[in-house]
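Order of writing sets the chain letters: A, B, C and D. Residues in each chain are counted from 1.
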Amino acid sequence: MKKLFNAALLFVFALAVLSCSGSNSYDRPHQLKIYNWADYIDESLLEEFEDWYYAQTGDRVEIIYQTFDINEVMLAKIEKGQADYDLVCPSDYIIERMINRGLALPLDRNYGFVPDYTANVAPFVIENFNRMNTPGSNANDYSVGYMWGTVGFMYNEKYVDRSEVSSWSAILNPKFEQKLFMKDAFRDVYSPLLIYINSDKIADGTVDVDDLMYDVSDESIAQVEAILAEAKKNVSGWEADFGKEMMTQEKAWVNWTWSGDAMWAIHEAEDIGVQLNYVIPDEGSNCFFDGWIIPKYAVNVKAANYFINYMCMSENAIRNMDVTGYVSVIATDEVLQAQMEQALEQPHYAEVVDVSYFFGPEADSVVLNPIYYPDASSMARCAMMHDTDQDTEKLLKMWSRVKGDNLDAKMLVLIGVVVVAVVVAAVMRSKKNKSRRKSGKKR
Amino acid sequence: MGKIKQFFGRRSSWSIPYLIFMLIFVVLPLILVVFYAFRSPQGGFTLDNIKTFINEKESVNTLLYSIGIALINTAICILLGYPAAYILSSSRFSSSSVMVALFLIPMFINVLMRTLATVALFGFIHVPLGQATLIFGMVYNYLPFMILPIYTVLQKLDRSYIEAAQDLGADSMRVFFRVTLPLSMPGVVSGIMMVFMPTISTFAIAELLTMNNIKLFGTIIQENINNGMWNYGALLSLIMLILIVLTNLFNEDKEEASAAGGLI
Amino acid sequence: MKDSNFIISLDHISKWFGEKQVLNDVNLHVKKGEFITILGPSGCGKTTLLRIIAGFVTPDEGSVEIGGDRMNDIPPYKRPVNTVFQRYALFPHLNVYDNVAFGLKLAKVPEEEIEQRVRKSLKMVNMTDYEWRDVESLSGGQQQRVAIARALINSPEVLLLDEPLSALDHKMRKDMQVELKEIHKKLGVTFLFVTHDQEEALTMSDTIVVMDDGVIQQAGTPTDIYNEPVNAFVADFIGESNILNGTMLFDRKVNFLGHDFDCVDEGFGENVPVDVVIRPEDVYLMESPNKASMFEGTVQSCVFRGVHYEITVITDEGYEITIQDYNPFEAGMKVSMIIKPQDIQVMHKERTCNIFEGTLVDETHVEMLGIVFECLPQDIWQGEKLDVLVEVDFDKVDLLDDIDSAELTGDVRFILYKGDHYYLSVMTEDRDYVYVDTNDVYDERDLVGIKILPEDMRIRKADK
Amino acid sequence: MKRNFLAKAYIWLLLILLYAPMVIIGVFSFTEAKVLGNWTGFSVGLYKSLFTSGAHEALMSALLNTLIIGLVASTLATALGTVSAIGIFNLRNKRFKAAMNTMNNIPILNADIITGVSLFLLFVSLGVTQGYVTLTLCHVTFCTPYVVLSVMPRLKQMNPNTFEAALDLGATPSQALRKVILPQIKSGMVSGFLLSFILSIDDFEVSVFNVGTNGLQTLSTFIYADSRKGGLTPELRPMITITFVVILAILIIMNLRTKTNTQTKTLK
């Protein structure tokens, strides 16, 4: 037995040393560290890019791919942790913040003899990015769009009628008690509710939606908080990412989520015979744009630039869309064709929509899946979020208040009782001992 | 050279490397926690973090709530675990050591795996996730940590104490309550140490067991660190640390401190 | 059998621990108020006996009576006896006072009575002022006292003491012996004291019960046990002694050391082999030549033992005997020796040779002691197996040091020096005893190989 | 007799409760249904795909990392822990000794999350990029104390003079260590090693803060990331089942070892 264990120890040590030397040797300059949303890319493209990049530039590159599911976490890693990611994919308002805080490197669209595919990005997206411009800096110089989508309700057609979720007020509907998943992203809940609150003001034009996106006034926050507080009894879970899975498992009926996640879930659900659908409530909503940014601490800038370009090639965009269910910002005819074919495969979701805002004037009535490409009419009611920088704190606090603590009277009582019990016990013991000491001293 | 040889000839000096190692990887980090806790993101000393902690009732409440859950969990673990440990230690079980091993094994399965398995179980029997499932899951996770130390103490317990008690006229009931129980207290205490604090400080487990509905103190520490609010996170950790120190004052004998130590 | 003035009566007690029989048909009757000591080497079953009385062990056979009532099925906590445990077993979580008061509190005795009874019993063991001390902070002797106080406070009819002094150093032990004796006198409670220390037993007890191998060898007053040991074991275990092979020629005449001696013993018959015990102090040494001399020898060594000298003498016949005398005799000196008739203790031999039960498996092989031995062709062989008795003389059994080559091995349990040779009891794996005369020196617990030559076996039919 | 039965029943009931989740996972690792709980017929497909399909190489590499870090960390911990145990054991200065023991106890008594956070802060404020090395160091940090704790008692049992005896007989300190001390404390070292290994591969709370940004994933961090996306990917079910069985094996070996040890003791 002893011998055996000696041997084992030796072997282990050898293995240890080997693995040590093996696993730690990597050369950073030939790596491309990408930090992207979870489930947000066709991963086979990663290897293909390595070859493509080699073909174009003759440089080897090894992609290190990591994912996050909360914008702020990603930002923290870069801003505080100074992580040396070469490429990240934040959402609009974070893009805005990163640019403003000088965390983004300007893009270099000089790809040698490789065509500049970033030109494929829909003007619609460019415009929206322009809203983030600050005097002297143009957002489009720092970031290229990747995917976009809207915030809305994914719902289970078996239990929920479309009309029941056509307003944000659905979250207050007692029918959905413990049947509602909230997206665990405060911005994507706050802004739509802001629109919901001000819907009539928007209607009569007293308030401009885009301005609304900057609104973090205390009263607005208070109003939103009030609604959420009331809605809380319905919430069965705050999902960062698991909503889609759970919806397919019918753990809940309604999910406040992103169009892309909804689409992904719808595909998943079909396989096991669950009918899900997605709707943008009538009051209007957020549309979000995720874009590539090369962070300040990037090392392999060239590869990063090329990767962005690579992502903008129509066929790659289409592949990403198929895998992730999100909508690429690329607006080429190939994309349009692919999407129309796709729509035909899912007649249940197909509609005639006006997407001229995206694909250009001739696409004013095409059969598409409105979950991917909402009709111009509903897009008109959607606005892009803006960065509220320092004031974000206030939102965060509101959010944590809402999700908040589960402390209730019972708990407090319990704790109180225990504390008292412990104290009493301690006191009594010490008393006893004291009295002993005394009577001990007496003699 | 000769000096060094002679220095390491003294075996007492062999503790020096570890001393250095611990200073770097145990003591310094804890000092850093304190350091960050009293530092503003911009740098420089500040008490803001404490202020926010006191003003934001969320953190405090979450802490209280976690303590509450921890208390319940600990209580249940004792109620379920003590009898188990008692039975196992009593010679009644011929195959005792095997049984003990059976109780320990779950302890060595990755905590997340265990939790996910538990979640799966609840899903399987269609129990909605919530506070109840949270407590259940916690008990699942921590019961072994309660049983082991109690078992080890009862194991070591000298039979002659029990005989002496019987000899002095105590029936089995009284023998238990007047001798066995008091003498096994150290085990219970260290069991509490192994269950109470971890329950407060775990994260992930609570999230998974309640679909992010319920946060424990550990969760908000992690959230703050992840969201880059290191200083506040550090403060929360510091508070956690103080709690641990306080509870440790109650725990006299450190040997029992490691469930693992008991296992060896 | 039942007799009211016996406080404890054990009748035909037997106890097995798995294979091993630790008590074999033990009968013991203890008078009220006496100080009885159970004495024996470790593993002789004395502690088991005590635990049977206390109730921690239930006997497989026989009845336990305390104060005239059958106790076999009475749990310990209902028995009118209390125990002082080997390592005291004071409750570490209670202080001295609570330890002593433990029994009374269980009995729901009113506080103030407890108070004064605890004081009283602590006073009795001179432990006043220690009430509030933590038991772990006490010295061994003090813990000992507390343990006694704790056991006595319930005023039991019998106090059982399980090697209570073994954990104390020599000086401490002496003092405690005296104190225990005093306490016993003061209270008149029956003390049942278990020890392996013969000197302790001799000094303290009214009655000594010598045990070995789960059997009571001899019970009697210390003087009886010392002066008239019933067998070699007792003689050897109690005090110093020369144990010699002898032959009872006829009444009042015994031959040993190659001489005939007058003695006081009768009724052994004629020319019977016996064991003779001579206590060292009973041999009188004189410078030789001396006309009173009974036999002569040469001093081999002379060691001062404080009060007396211990002198080893080789007799002219070549026997070695140990003698105690108050004056020194330096080595090499010729001496004459005298033994008074009344100082010669003659004992029946338990056995004159080994007798093993076995079976004859074929004409030249006999199976015994768990293995098959070769033997000389046997005329009693009629073709089928038959039970036989095999006799082997003590000196015909050979002990081998290399146990690997031997097919039968055993370990030395008991060694007796018979003046010119050693007499060993060797126990085989399956717990049979083989008795051997040898000149080689072995230690107890030595592992030895056992060899018996075919020509040394006397085989006869087992008589049904 | 009846109490005996009740006791047994209770124990078994507890065990069943404790193992129920594992059993469910184990059972459903033999069906390919994506959602746990649906039974789509028996198949070992998941086991196959776990080891074959490239789709799960992320999972497999995570597993590999876990094992490698586990081995390296527990080996280093065993070495460091043993040497320092001997050192601490031989410390004359009571104060210093006590200090060492307390320090040694910190990582054990401390909550994992704090160990994790504090080490994280250490590395960021030292500006060290976290990766294999740092994570391994973290694991060494919380493993070594257990090694020390498991070697210490063996040292206490050991006759203190044997080392001097060896030196006296002309052995150099290192020889004395190898030929005299190590053999006597080996059992402690082995238990310490196995324990460290198990602790290391189990660890989540320390790892998750210290995996760094080089794409390093241990099993736990992988599972964590995965679990945030709702139920576990099916391939985790066979994975869990396998780990469970492996751990079972290790513990049984450990048990057998202790048993044989005690037996040899009783023989002597």
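Operating definition for what follows: a residue touches a chain if its C-beta (ideal position, glycine included) is under 8 Å from a C-beta of that chain, and two chains touch if they have at least 3 such contacts.
Here the structure is a predicted model, which means the values were calculated and not measured.
Trainee: In contact with subunit A and with subunit C at once: which chains are those? Just list them.
Mentor: B
Trainee: Where are there more C-beta contacts: B-C or B-D?
Mentor: Answer by contact count: B-D.
Trainee: Let me spell it out: compute each chain's centre from its C-alpha atoms, then which one is farthest from subunit C's centre?
Mentor: When every chain centre is compared against subunit C, the largest gap points to A.
Trainee: At what distance in angstrom does the C-alpha mean of subunit C lie from that of subunit B?
Mentor: 55
Trainee: Whole-Å distance, subunit B centre to subunit D centre, using C-alpha means?
Mentor: Those two chain centres are 16 Å apart.
Trainee: Centre to centre, by mean C-alpha position, how many angstrom separate subunit A and subunit D?
Mentor: 35
Trainee: Identify all positions of subunit B at which a residue touches two or more other chains, and write them in rising order.
Mentor: In subunit B, 123, 230 touch at least two other chains.
Trainee: Quick check on subunit A: which residues sit in contact with 2+ other chains?
Mentor: Each of 77, 80-81, 239-240, 242, 246, 249 in subunit A touches at least two other chains.
Trainee: Residues of subunit D that contact two or more other chains, please.
Mentor: 124, 227-228, 231
Trainee: Show which residues of subunit A lie in contact with subunit B when the two form their complex.
Mentor: 70, 72-73, 75-77, 79-81, 178, 181, 184, 235-240, 242, 246, 249, 396-397, 400-401, 403-407, 411-412, 414-415, 418
Trainee: Going by the contact rule at the top, pick out the subunit B residues touching subunit A in the complex.
Mentor: It is residues 56-58, 61-62, 64-65, 67-69, 71-72, 123, 128-129, 131, 210-215, 220, 226-230 of subunit B that touch subunit A.
Trainee: Please give the residue numbers of subunit D that touch subunit B in the complex, ascending.
Mentor: 4, 7-8, 10-11, 14-15, 17-22, 24-25, 28, 36-37, 80-81, 83-84, 86-92, 100-101, 103-115, 117-122, 124-125, 137-138, 140-141, 144-146, 148-150, 153, 163, 173, 188, 191-192, 195, 198-199, 201-202, 204-205, 208-209, 219-220, 223-224, 227-228, 231-232, 236, 240, 243-244, 247-248, 250-252, 255, 258-259
Trainee: Going by the contact rule set out above, which residues of subunit C touch subunit B in the complex?
Mentor: Contacts found on subunit C: 54-56, 75-78, 81-83, 85-87, 89-93, 102-103, 106-107, 150-151, 154.
Trainee: Which bits of subunit D are touching subunit A when the two form their complex?
Mentor: Within the complex, subunit D contacts subunit A at residues 34-35, 38, 65, 68, 71-72, 74-76, 78, 124, 129, 131-133, 136, 186, 189-190, 193, 213-215, 225, 227-231, 257, 260.
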